[in-house]
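The next block holds one structure in the form of structure tokens; read it before the comments.
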Amino acid sequence: MNKAIHMSLPDATTPTDPSANIVSVRGITKFYGSDVHALEDVNLDFPTGQMTTLLGPSGCGKTTLLKIIAGLLETTSGEVMVKGKAVTSPGPERAFVFQDFALLPWATVTRNVAFGLELTGVPLKEREAKAKSYIDKVGLSGFEDKYPHELSGGVRQRVGLARALAVDADVLLMDEPFSAVDEQNRRKFQEDLLHLLSVENKTVIFVTHSIEEAVYVSDQIVLLSPRPGRIHSIIRPELDRSSSPDDIRRDKVYLDTVEEIWGNIREYLD
Amino acid sequence: MKVAGYEIPPVFSLLIWIGLWEVAGRMDLAFILPPFSSVLGELTTLIVRHDFLAAAWQTFQAFAIGMFFAITGGIALGFIMGTNKTANSILGMWVNIFASAPLSSVVPVLMLLFGLGQLTVVVIVVLFSIWIIALDTYAGVHHTSNSLKEMGRSFGANKTQLLFKILFWAALPEILAGVRLGLIRAVKGIVIGQLLLSVVALGRMFRTFSDNFQFEEFWALTLILFVFALLFSTLIGRLESKVEYYAGTRD
Amino acid sequence: PSAFAQDKGTMRVAFGDVPGGEMTNFMIAVARAEERGVKVETVFLKSEDLAAQAIVSGDADIGVGTPYGLIQRVNAPIRMFYQLSMLRFYPVANAEKYKTWKDLDGAKVAVHGRGSGTEALMQVMAKAHGVKYESVSYVPGSGVRAGALMQGRIDVSIVDYERKRLLEREAPGKFVFLDIPDIKATDEALYANTNWLQKEEAAVAILVEELIKTWREINEDPSKIVSLRDKYNVLPDIEKVEVDELLPAFKQGVSINLFPSNGGTAASVQEDFDFFTTSGSLEGNAADLKVNDFWYLGPATAATAKLDAN
Amino acid sequence: MTTTTSPGVVSAESSEGTAGLKLSGLQLRLISIVGFFLAWEISGHVPISPAFPTFSGTMMAMFEMIFDGSLFLAYFETLKPLLLGVGISAFFGVTIGVSMGLNKKSRWLWEPIFVVLQASPVAALIPLITYAYGIGITAKTVAVIILASPIIVLNTYKAVGNASPVLVQMSRAFQGTRMQEIWKVIIPNAAPVIFAGLRLGVAAGFIGVILAELLITPTGIGDIISYNRSIAKYPHMYAAVLSIIVFSAVMVGMLEKAEVKYFRPEKKRGQ
Amino acid sequence: MNKAIHMSLPDATTPTDPSANIVSVRGITKFYGSDVHALEDVNLDFPTGQMTTLLGPSGCGKTTLLKIIAGLLETTSGEVMVKGKAVTSPGPERAFVFQDFALLPWATVTRNVAFGLELTGVPLKEREAKAKSYIDKVGLSGFEDKYPHELSGGVRQRVGLARALAVDADVLLMDEPFSAVDEQNRRKFQEDLLHLLSVENKTVIFVTHSIEEAVYVSDQIVLLSPRPGRIHSIIRPELDRSSSPDDIRRDKVYLDTVEEIWGNIREYLD
């Protein structure tokens, strides 16, 4: 591959193949009240099985966009298509991982992980078995009966991740899942996440502030401009993900992409 | 709540309750409940009565003096507890006991100790309000972020500077909240004290009115007390909201 | 008169009630004593036992009430010295349920307080008619009991003559007043510490003289209560309803010999002993009790002698 | 065991490493209690006033009342309206509070009235209660209710109203129904603050019941206080006052313990 | 320069030149209470005018060591030498920049910046003039009369930095100054900081969790082992700081150093 980075402004009129894009948003505009204009005419496609990152300066509307996709917020205009159907509320095909974990403080790790299943009425035995398997998958064995306050930030976020995986949704929505985790554990977590996703085959939509993180984990990076959020550019870093994490981080494509995005974002900073 | 597109502020729901009161009063549902309008009518005659004015003034004096001691004492107590571990483990227990004790049972004893005059009422005011002020001040001092204290020390603040330039201001939102709660409790305390002793004027009026079935007067007097209590707590609430912006911004 | 106006001492009087029309005669006497140089301060406490407590602890000098039980039990150097009024209480029952004393077997009765004269009276009557109450509860304040009666919260109680009038006025026919034999006992007396009584002999003498004078004047002509109240401007703040009641109340009071005109004698004390031992407020045998252990009759005897001589 | 700085010999209470001789918090508290009683005993002997008994006299009176059973009877009498009143306040208070937290209209209707009741000296109304509810247990229960319910309602309302929006969103994101949201997230989330409100309600109820016993009709502890005062048995009166303060402190303290134990696992660890 | 990275285990017996090292710590051991052993026999030198970073897994005692140097905590044994003299309490030659900013919420930016001077009794006029000059230097002009709650995290930390600079200490002690600042602003801040320090000639002791940040800003990196904190290794990345930030970040030495440190730290993670 010669050109490592594709940049394009999205074109709302281009017909997209619904089977290729599990989630699409069309012409989304969002106002909070009458004067906070958060998003302006956002059109985006999220290819099935890929990881898309939303990146942009603080307050540009990343969380807003993600919550609209999750069905947690209403749009002012525009629509969200999941598997070709317009949706306006949360559904079983999407699961959310929260920035501040959103764990139930009064429930054990097992109950927290099984909570999504509990809400959909899965019987106790079954959901605990399922929870257990994901607890093992995210590396939480031994923590089953602990309460959230006994866990460190990184471990808590793993619980949040396991909960989202347990409901077996096709799309994972993650809002800065690592921002409350310390830097070193974060790096480890990124590697673990990539590994896990390569096995689980999920579509992931991921919000982050970290350019390196975005470039490191994403198939597609959506760069948003400051409020009202518009799409600034879409970048597809074509990294060779088969190489080791350390090699990726010194890959020329990786470094070029980081530098380019940094150049773009820098102008918006205070 | 919205009616016909207009937002109606919550206080207006009080009007509904007052309306119900008026209706109940007019229907003569209970003889202790005269219509609100006649209570209002009595209000105007009540507040110009000279025995009411004397009673109110006397009560207010006791209240003001008591609050002065409660505020200064409570804040001092809170600071001592907040800055000294040993003092906290001793005083903390007593303050907590008294803050939730049924002080109404202590009032009969106070008269034995402090006589029949204003002093007893002053003591009641202090006793009802000082503990909550101390507890809140303590919470404010205790929760002052460690890094703020360390910041002061690292820039060379001495003990006095630490106290007056940092701790006091950092604890101010909690102190004000404590003072507001203390004021409310003090008003309650004064009423309880006067009802139990009748030493001081307002309690005497309550008793006279209820003995003579003068319910308009009784409710008018109650209304005045309510308004007084609300007024004070709103005033302090105003002050509180002025410093609120920084109560929320720290851990 | 200026010779009399010099300071003859200060006395603090503790009432066990809020000020009301029924105190008018006392306050007139006080005003007259003040003219003669005795300073009188008054405090109004919630109940008689608070007043007693104030005397015991020295917060006030003169109390109002009949602290027989207190004097016998605590051995306090406290003595009564002036008989203000006679016990005049009226057992009352809801006319729909009860007609006579006999009906009261198994009734719930409300009286003023534990060990109070009202309880004593009700118990004496129960014994006399051979009935037994289901329960006796304590509801301080005749006014409160009258209110509860009117609301139908209680059915049997005992009220003072003022509330009796009120009940008759507000709910005619609703209640029956049960008859009681003529009881001769003190309702309210003035009492004080003996040391204080000796120390303030002069002032006490003046007060007692004025009390007897006023009592006699009113017994002679109850309507004087109104003119004297205006003259001395006593209790200017009492409620209008009370002012209106003043004349009828005192008229009736005089008609039933409510106000003794000689401040108490050995004979009246003996009658008290009889009543209060029967009621249980005093322990022991009425005949064994000594007047001097409870009363200090000096001032009243002297004043009566002085006034009778004039 | 020669140096005080070596790890392991210092009690966990003291933060500084070398404080081998420092007294623990519990010891200090015991000492202060003993000191208080000693000061009481001495001032009782001085005496401050003939109506001020000594501590030993008060304790004698307390034992006398414990052994003749009158204290237990009195507590039985006092606790009846208290528990009844707190129970009723808790049931309706929590119901109203939850409805206020969940429903705007309910909030609009109830919030101002309870704020007013909470801030005002409602005790002034107790003399009126007698006219409306008589002199029995009903009147006392009502007194407890008017004092205890505002704090319970307001705490519940605050707890439910401030339910963590993140947790609510989480429940929605996992397709929880409104009922599931309320029962599985909002109420458990609010439970500690609701319970704290109940504790405050009990404390307020104590004030109310004593007040009712002193103002309406003397029964229970209030009767012991006022009767013994009327016959000048001051040690008995003080014993009753002391016992009710200790009793309520213990009861409120136990509720606090229960709160930490069942609702605030994070606090339990921290202390 | 051939060997880009010097690694050495410190030797407590080596005589050090006191004029070259403005701060030295000797044999520092720290217990919290009786059972939390935070630091064990730490010996370190901080060369005058250089930037030293303390790096290590969470809970290894970085903050503890920094506060001991600041004189805010007592040692259990060992001593801190500043300019050759043993110190046990805060002094005017050291100034602290706090992780959570530690600004007075009730004071304006100007008063906050001047607060260190206020405590030492500098007259109002003088200290405000001085504060103003540092406000300009850290790029806060226009924010003089704002209150902390009106500022974003990045701006608040600049206030904290200006306050530390205003007292004119020789040594700046910074405890994770950027951890509460969002990633993009953080990167900008790093660059600004380096620039500022090249002008001001301060000695800086800096705690961070971020390996990239440590390598990017430091003359000397002290890697601590998990609790009880001991010195694991000392690394001096010999970067050419004259090149542009973007070039530094793709410099081989930079990448090698990051990778090496990551390799060391990774084994400690949970």
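Note that the chains are named A, B, C, D and E in the order they appear, and that numbering of residues resets to 1 at the start of each chain.
The rule is short, and it goes like this: contacts are C-beta pairs under 8 Å (C-beta built on N, C-alpha and C of every residue); 3 or more make two chains touch, one makes a residue touch a chain.
It should be emphasised that the depicted structure is a prediction, and the values quoted were computed from it without experimental measurement.
Engineer: Taking CA centroids for every chain, report which one is farthest away from chain E.
Structural biologist: Of all chains, C has its centre farthest from that of chain E.
Engineer: Skim through the chains and flag the pair connected by the most C-beta pairs in contact.
Structural biologist: B-D
Engineer: Centroid from C-alpha atoms only, then distance chain B to chain D, rounded to Å. What do you get?
Structural biologist: 18
Engineer: For chain B versus chain E, what separation do you get between their C-alpha means, in angstrom?
Structural biologist: That pair's centroid distance is 48 Å.
Engineer: Which integer distance in Å separates the CA centroid of chain A from that of chain E?
Structural biologist: Here the centre of chain E sits 34 Å away from the centre of chain A.
Engineer: Can you list the residues of chain D that touch 2 or more other chains?
Structural biologist: Residues 15, 49, 51-52, 127, 131-132, 226, 229.
Engineer: What positions in chain B touch 2 or more of the other chains?
Structural biologist: Correct list: 31, 112, 195-196, 207, 210.
Engineer: Which positions in chain E are in touch with at least two other chains?
Structural biologist: Nothing qualifies.
Engineer: Help me check something: in the complex, which residues belonging to chain C touch chain B?
Structural biologist: For chain C paired with chain B, touching residues are 14, 18-20, 43-46, 50, 53-54, 57, 59-60, 141, 143-144, 147, 150-151, 237-239, 241-242.
Engineer: Across the complex, what residues on chain E touch chain A?
Structural biologist: Residues of chain E touching chain A: 57-58, 152, 154-155, 182-185, 187-188, 208-212, 246, 249-250, 255, 258-259, 262, 265-266, 269-270.
Engineer: For the complex, which residues does chain B have touching chain D?
Structural biologist: Those in contact with chain D are residues 1, 8, 10-11, 13-14, 16-17, 30-32, 85-86, 89-90, 93-94, 96-97, 100-106, 108-109, 112-113, 184, 187-188, 190-192, 195-196, 206-207, 210, 215, 218, 221-222, 225-226, 229-230, 233.
Engineer: Once bound in the complex, which stretches of chain D touch chain A?
Structural biologist: 164, 166-167, 169-177, 180, 184-185, 188-189, 191, 263, 265-266, 269
Engineer: Help me check something: in the complex, which residues belonging to chain E touch chain B?
Structural biologist: Its residues touching chain B are 67, 70-72, 90-92, 94-96, 98-100, 102, 104-106, 115-116, 118-120, 147-149, 163, 167.
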